[in-house]
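The following blocks contain the structures, represented as structure tokens.
Okay, so chain A shows up in both of these, paired with chain B first and chain C after.
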Partner chain A sequence: MNSRIRAQCIKELLQFRRDRLTLGLAFLLPLLSLLILGFAIRLETKHIPVVVQDLDRSPLSRSYTDRLFATNQFQPSRWQGDDPVEALDRGEARAAVIIPPDFSRRLKAGKTASIQVLVDGTDANNARVIRNSLQATTEFFLRDRGLVDATQPVLARTRLWFNPGRKESLYIVPGVYAVVLWIFPSLLAAIAMVREKEKRTILQVYASGIGAGELLLGKAMAYLLVGGAMALVVMGLGSLIFHVGFAGDPTPLLVGTAAYLASAVSFGLLLGVRSASQNAAVQGVSLIGFLTALLLSGFIYPVSNIPFPLSLVSAVVPARYFILISRDAYVRGTGWPGVALDVLVVMVSAVVLFAAACRSLGPMQLDDGAGR
Partner chain B sequence: MPRSSAAEPGGQALATGGDVVLDVQALHRSYGSVVAVRGVDFEVRAGEIFGLIGADGAGKTSTFHILAGMLAPSAGTVRVLGQAPRQARSRVGYLTQTFSLYPDLSVVENLRYVAGLRRVAEGDFRQRRQELLKLMGLAPFGERLAGQLSGGMKQKLALCCALIDRPQVLLLDEPTTGVDPVSRREFWDVLARLAGASVTILVATPYLDEAERCHRIALIHEGRIRQIGTPAALKRDLGLTRLELRCPERARAEALLEEASGADGPAPGGIVDVQTFGDRLDVLVSDAARGAAEVRGRLAREGLAVEDLQVTLPTLENVFVTRLRQEGVQSLPLAFPRSGGRPRRADPAIAARALSRSFGGFQAVRQVDLEVGYGEIFGLLGANGAGKTTTIKMLCGLLEPSAGEVSLAGETSRLRSRELLGRIGYMSQRFTLYDDLSIRQNLAFYAGVYGIPRALRRRRIDWVLASCGLEGQGDLPTGQLPGGWKQRVAFGAAVLHDPQVLFLDEPTSGVDPVARRQFWRLINAFARSGTAILVTTHYLEEAEQCNRLCFLVAGRSVIEGTPSAVKAAQPGCLFELQVPAGFDQRSAEVLRRHWEPWRVSRFADRLHLVLDDAGPELALVRRQLGEAGIEILSLRQIPFSLEDAFIGTVQRTAAAEAAGALEAEP
Partner chain C sequence: MRRLRRLRGWALRFLDSRFLALLRKEVQEILRDRQLIKLLLIPPTIQLLVYGFALNPDVRFLPLGVVDHARVSASRELVSALTENRVFLEAARPRSERALAGMVERGALTAGLVIPPEFRRDLAAGRSAEVQVFIDGVDANTAGLANGYIQQILRRFRPEGSLTTARPPPVSAAVTFLYNPGLTSSWFFVPGVMGVVLTLIASLVSAVALVREKDTGTLEQLLMTPASAWEILLAKIVPLFVLLQVDVALALVLGRTVFGLPFRGHLPLFLLLSGLYLFVGIGIGTLLATVCRSQQQVLLTAFFINLPLVQTSGAIAPIESMPAFFQAISLLNPLRHYITIIRGMQLKGVGLEALWPHVLALTLMALALMAFSVSRFRTQLS
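The block that comes next holds the complex of A and B.
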């Protein structure tokens, strides 16, 4: 290796080791983020309070109610009043089920009985989930009791292909890796770069005749090593805490992570080169990082839902492709055939970002107007 | 423009000089609409120490950036070692204005990093590291983090870093800012040694005592070079003589002589300039004999006594102020608008007895006694970290002393009471003005803070503007003012409430000689009206302006008295000797072998030597140099500067303590 690059790399690692802030950024905060994101984000809704007004009070209506609360999705509301609508108004229940007085009579007579369901629509997404779920429970109840005609012409029998147990951590945790391994390596690299400018040590570097590429490569290598250690710690503990293991060939993840870290570090360097102060760099990196890795990457919201001009932005977010690689490794397990292209995209992003940083630092001279 | 000396090839430096190493011609540099450098020409030859002297914003740093190849000139040609600066980078060492060190790396790690950047082979690096750390006295501190070094040590380490690649050219941008006098002298001795080894050195400094150590200097002001030549030639070319006048009524004498001096040239009596300088007046005259007679005559006519009148050489400060004044307006301080007169008071304004302060196990201030009377300018001197700021904080009640007593304006307790604060003024090192407010808004803000009566408010603000030469420009954004003006406005803001006691914490850092002189006129005017003034500074040159001073070293006061008394109390005498060109390095080495190293120091092509007993010791020096085959061209006794007095005292104390420690051992 070029001696200048090595000197730069060693110096960065020494500085990294001495600074408590950067050590915290490299190991403590990523773990905290992993725990917070891993435990806090739950898309599945459970224990939804539901108030049931059973005006029928027959064995059949009671068994319907029991069936409703048989899973942990719904639970009886603590509400004791008469009017179920009031329970919704007060927020004591998310849904109200009103069983009419003629419920069992009409069913026994072979007629259609109607149940009124009121769903709190404040949270539109949840309301849809509650409605579908109540619908399904009702159908299941009817089929179980033999109250429907078994000779339906078409019956869709669904089975979940990946993640058959619908274990939610399998979906969330690989995404958390993408967020954490983007934000923190880029922050570290940006701080390492902008600090030289802020403390004016960059002048000494300019005067030494080292090239922009050499300087940035030295810094990038140091933080690539730090990022690697971070990835090892975060992914290792993540697997233990959330019980996620490899579903297939881990090599695409290995290569993909290295490329992804390179991309994050280059992004940090680029922002570090372009910012005048540590404050600006940290805010830029974290704002852009969280917006893109959290919201435009498919971590929580499906990429396909992002509307047109924003979807273009989403298309160039490296986290989006790394999430695919990471979910493949932990959930799908298809290996290289499934994600080769995504790994390539992440690699290209790293090269482009690094080239942009080099170009920005350019001739290793003072900016116009910054020299005084 | 007085550039006559630029054309003059004389000066002993050029006799030793070889090839032109730095060649700067018609250099311009602008940033947007701001022009930093407007047509600079100079040449520096191999082995020469060339000084760029000027205030903050004069264009020094831009010139350095261009020579270091990290900034492109807007126009003009620059050659370094015959190449474009960018190509020559590997043969140039650059010491930037702020320490270009990594505080979280150790001394050796800093060196290793720079060596790596500059591709120094491992073997060479090990050898040079040993050599350099030993040369700078840093060898025992290799593992210490750079952030934990003192200012002087940091600067020496930065110099080591710049030297690790054996550069042929050294660019040093204000290398001794915040460095204590002993380290500063050592630093300059290293520079002299390097120049002796044919390294070309370009050094920028705002301080004129350092300029004396350069072979040649250029005064740079507002992006142009105004003067260039050897320090001796510049002083000679001024064609003036300086009279040091000591008399009881300095204020009246100054006013009297000021009247007799011509603003645009020598008046009939030959008096060019008068300035209060601490406990004396400096009078510049065109002819020594005639001028002295004129001064004595004028003072005698008014019945003023003359204690002492010495004829000496002009200083570089005289040169620059005289030259620069041709463009600047010199205004006399206007009377400060007061509602009534101020009573003269005999009790001390500031008094401290056995003042001590420790932080944990660290003794920041030890047993300091001082007393400042109303109307007196007292200088508190010391390097960064000597305890100046801690002392000031205790004196104005911001910090509780660990031991000792403080009395401030007659109060001994409750030093932070509102009533007392109204009688105290404070101006800190960093001008506490808001850059985004106009000058008038800034002043109005402080007038409001101090609760100045409305009737006086407007008049006082107008006084500040007028005494700063800023009439009619009160609406200018403060951020646009150059350093010297800003500093005077800040001073104006600090005295708006007419304080009885004024604390000035390093008020003149980064200000050019003319602005500095203007500033001291303001300070003197306040002192005359009965204000007690305590000034801190780490530059001994500035201390000459004080009536009395005390010097802190490691929290202890080592010298106290008037500048003249301090210098007079220094035992022994100082000799300046000149040896043939090329022999200065060797003669310094010879002398250091026989005498304690601090007694020998190099000033450009001359040597300064401190002897305790001139008679026999001088003969010894002659013999020692004679045995080494070195001829003495000239040898004369010169007066001690405050720096000499300080270094002598510190070294003698250290030697006495070491001897005491040896005796104490069983």
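The block that comes next holds the complex of A and C.
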């Protein structure tokens, strides 16, 4: 390695170690994010509070209610008054089931009894889950009581692949790695770059013989090392805490993580070069970083749901491809055949971002050739 | 007459007061600060738009692969029953089960259906025919919904001419979605992000405004004047408060025009409660300013506060789905209460009768934060 690059890298690491705030930013905050995002982001609700207004009060309607609360999906919500909508208004229940007074009479007469179900539609995802499971419960009740013909012409033998228990942490935690390893390395790199400009030390750098590419490469190396340490800590602890182990060949993840960190650091350097002040750089990196890595990457909901103009942005977000690599390593386990292309895309993004940073810094030097 | 004169006296004294002079100085500073105006307008707009459009839990057009070994009308009916409500889209017809399995494994298909050769024979004999379904379980949420839909469709599926004729079920559950009948996902996210944006902006802007005086040393000059700490702080806060209310209005207008979000509550009450929340945000900012020495420190330290605040607020993932520990912690999170208020007023159209516990919590937090940061500010100054 070129000695100027190495010197720059060592200088940067020394500076990094001296600042307690950036050290916290590099290790404490990523861990905090891992814990919060990993534990708190769950999409499907269990123990959904439901109120039942049983106007029939017959053994049949009571057994329907018992069936409803037999699984851990729903739990009865305490509620007084006569309008169940109030419980939904107050947020004390997510759904109200109203059993009509003629429920058992109509059933015994062989007529259709209609149960009214009111679902709080505020959270569209859970509203769908609630509707599906209420309908499934109703069907189960009917079969159980022999009210419908239990034979079903077509049965499905279903296998949920990779995640038979539907553990949501298996989906979320590999995504958290992508979010954390994008935002914090890029933030650190951007701060390091813009600090040089803000404190005017960049003029000394210009005066020295170092070229734009060498300067950036030195800084990039330093933060790549910091990012690597961050990745080790975050992924190591993440696997321990959330019980997420490798499902297959870990080498694509190893290569992918290195490329992804390079991409994040280059992105930070680019923004650092382009921003006038540390404030602007931090604002820019965190706004763009959170929007792209958290929202446009498929971390929470599938990328295929992102509508047209935004889907173009999402297509060039490196986090989107890294999430695929990470989920493959920890859940899917198909290895290189499945994700070789994604690793390549992340590598290309690192090269493009680094080249852009170099181009942005290049013209700022007064006379590029003078120093050599 | 005398009362009028006394009122005029007060008004004159107010116009002449130190407070007003300080206020005028702050307003002029803000108006000169282009950066601040940009900060108040551009990031909130972008965030509201991206959150509203990008986060979409819809389960539609999931790619389904079919291997049909039976090739009879009943099997074709089954496929069309699965795809007709647009939850699934028939995306591939691989030759073999192995090819199908490979596609699900790579994630190219969300679900796979294998109809065995004996499908027709079983149906004709009046036995239950069994099909195989593979679902990619990596995305647990989508997989759960997909599985639910498949089971539901199969329970109702009656091939033409089958022995068991479809009868209307004896119990029908008529499901009505309240507040958001179309299940538009942005109606959930946009109010949440509105709270997030206000928290980020209010805490940052007020912290920066305060720390800048400390940073440049002009705070000492202000302290030399006879103005009290309260007056200095209040003069700083009032114009920011007004500007931040503009952000509240911006969020409401964007929600309405871009996402068709209704506003069903009482608007003046909503603005009042938003004002209350802004005090919480400004209180967090003041607290930050008392801890930090420079703007850079403020910006970085803000991460340590805002990140947990935002992620445990229920803005993105519903609070009820969180583990019990986080649900308990979130009760201390002002943003959680404010988001409940926004969603309650915008979508449900409820008022204080349903929201008073949250309003009470916010009031207590605003008072505590303000009192704490003012006292810290004062001791730091003296």
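As a convention for this text, the second predicted complex is superposed on the first by the 346 of 372 C-alpha atoms of A that agree within 3 Å, B and C clash if a C-alpha of one lies under 4 Å from a C-alpha of the other, contacts with A are read in each partner's own complex, and residues count from 1 in each chain.
We adopt the following convention: a residue touches a chain if its C-beta (ideal position, glycine included) is under 8 Å from a C-beta of that chain, and two chains touch if they have at least 3 such contacts.
Only a predicted model underlies this, so the values are computations on that prediction, with no experimental measurement involved.
Once the two complexes are overlaid on the shared chain, A:L88 sits against chain C while remaining clear of chain B. Within the superposed three-chain model, A:Q278 lies in touch with chain C and out of touch with chain B [touch as defined at top]. Of the two partner chains placed by the overlay, only chain B lies in contact with A:R6; chain C stays clear of it. Of the two partners chain B and chain C, it is C that touches the larger number of chain A residues. By the document's definition of touching, of the two partners only chain B reaches A:S208; chain C does not.
By the touch criterion defined above, A:L296 lies against chain C but remains apart from chain B after alignment on the C-alpha atoms of chain A. When the shared chain is aligned, chain C comes close enough to touch A:L21, but chain B does not. When the two complexes are laid over each other on chain A, chain A has no residue in contact with both chain B and chain C. Residues 35, 39, 43, 46-47, 50-51, 53-61, 78, 104-107, 123, 128-145, 147-152, 154-155, 157-159, 162, 164, 167-181, 183-185, 187-188, 208, 295-297, 299-301, 303-304, 307-308, 311-312, 316-318, 320-323, 325-326, 340, 343-344, 347-348, 350, 354 of chain C are the ones that touch chain A when the two sit in their complex. Across the interface of their complex, chain B is touched by residues 3-4, 6-8, 10-11, 14-15, 18-19, 199-201, 203-210, 364-366, 368-369, 371-372 of chain A. Those residues of chain B that touch chain A in the complex are listed here as 29, 31-32, 34, 36, 57, 61-62, 65, 68-72, 89-90, 92-94, 96-98, 100-102, 104-105, 109, 112-119, 145, 161.
Within the complex formed with chain C, the residues of chain A that make contact are 21-22, 24-25, 28-29, 32-33, 36-37, 39-49, 64, 85-86, 88-91, 94, 107, 110-129, 131-136, 138-139, 141-142, 147-149, 151-164, 166-168, 170-171, 191, 278-280, 282-283, 286-287, 291, 295-296, 300-302, 304-307, 310, 314, 324, 327, 331-332, 334, 338.
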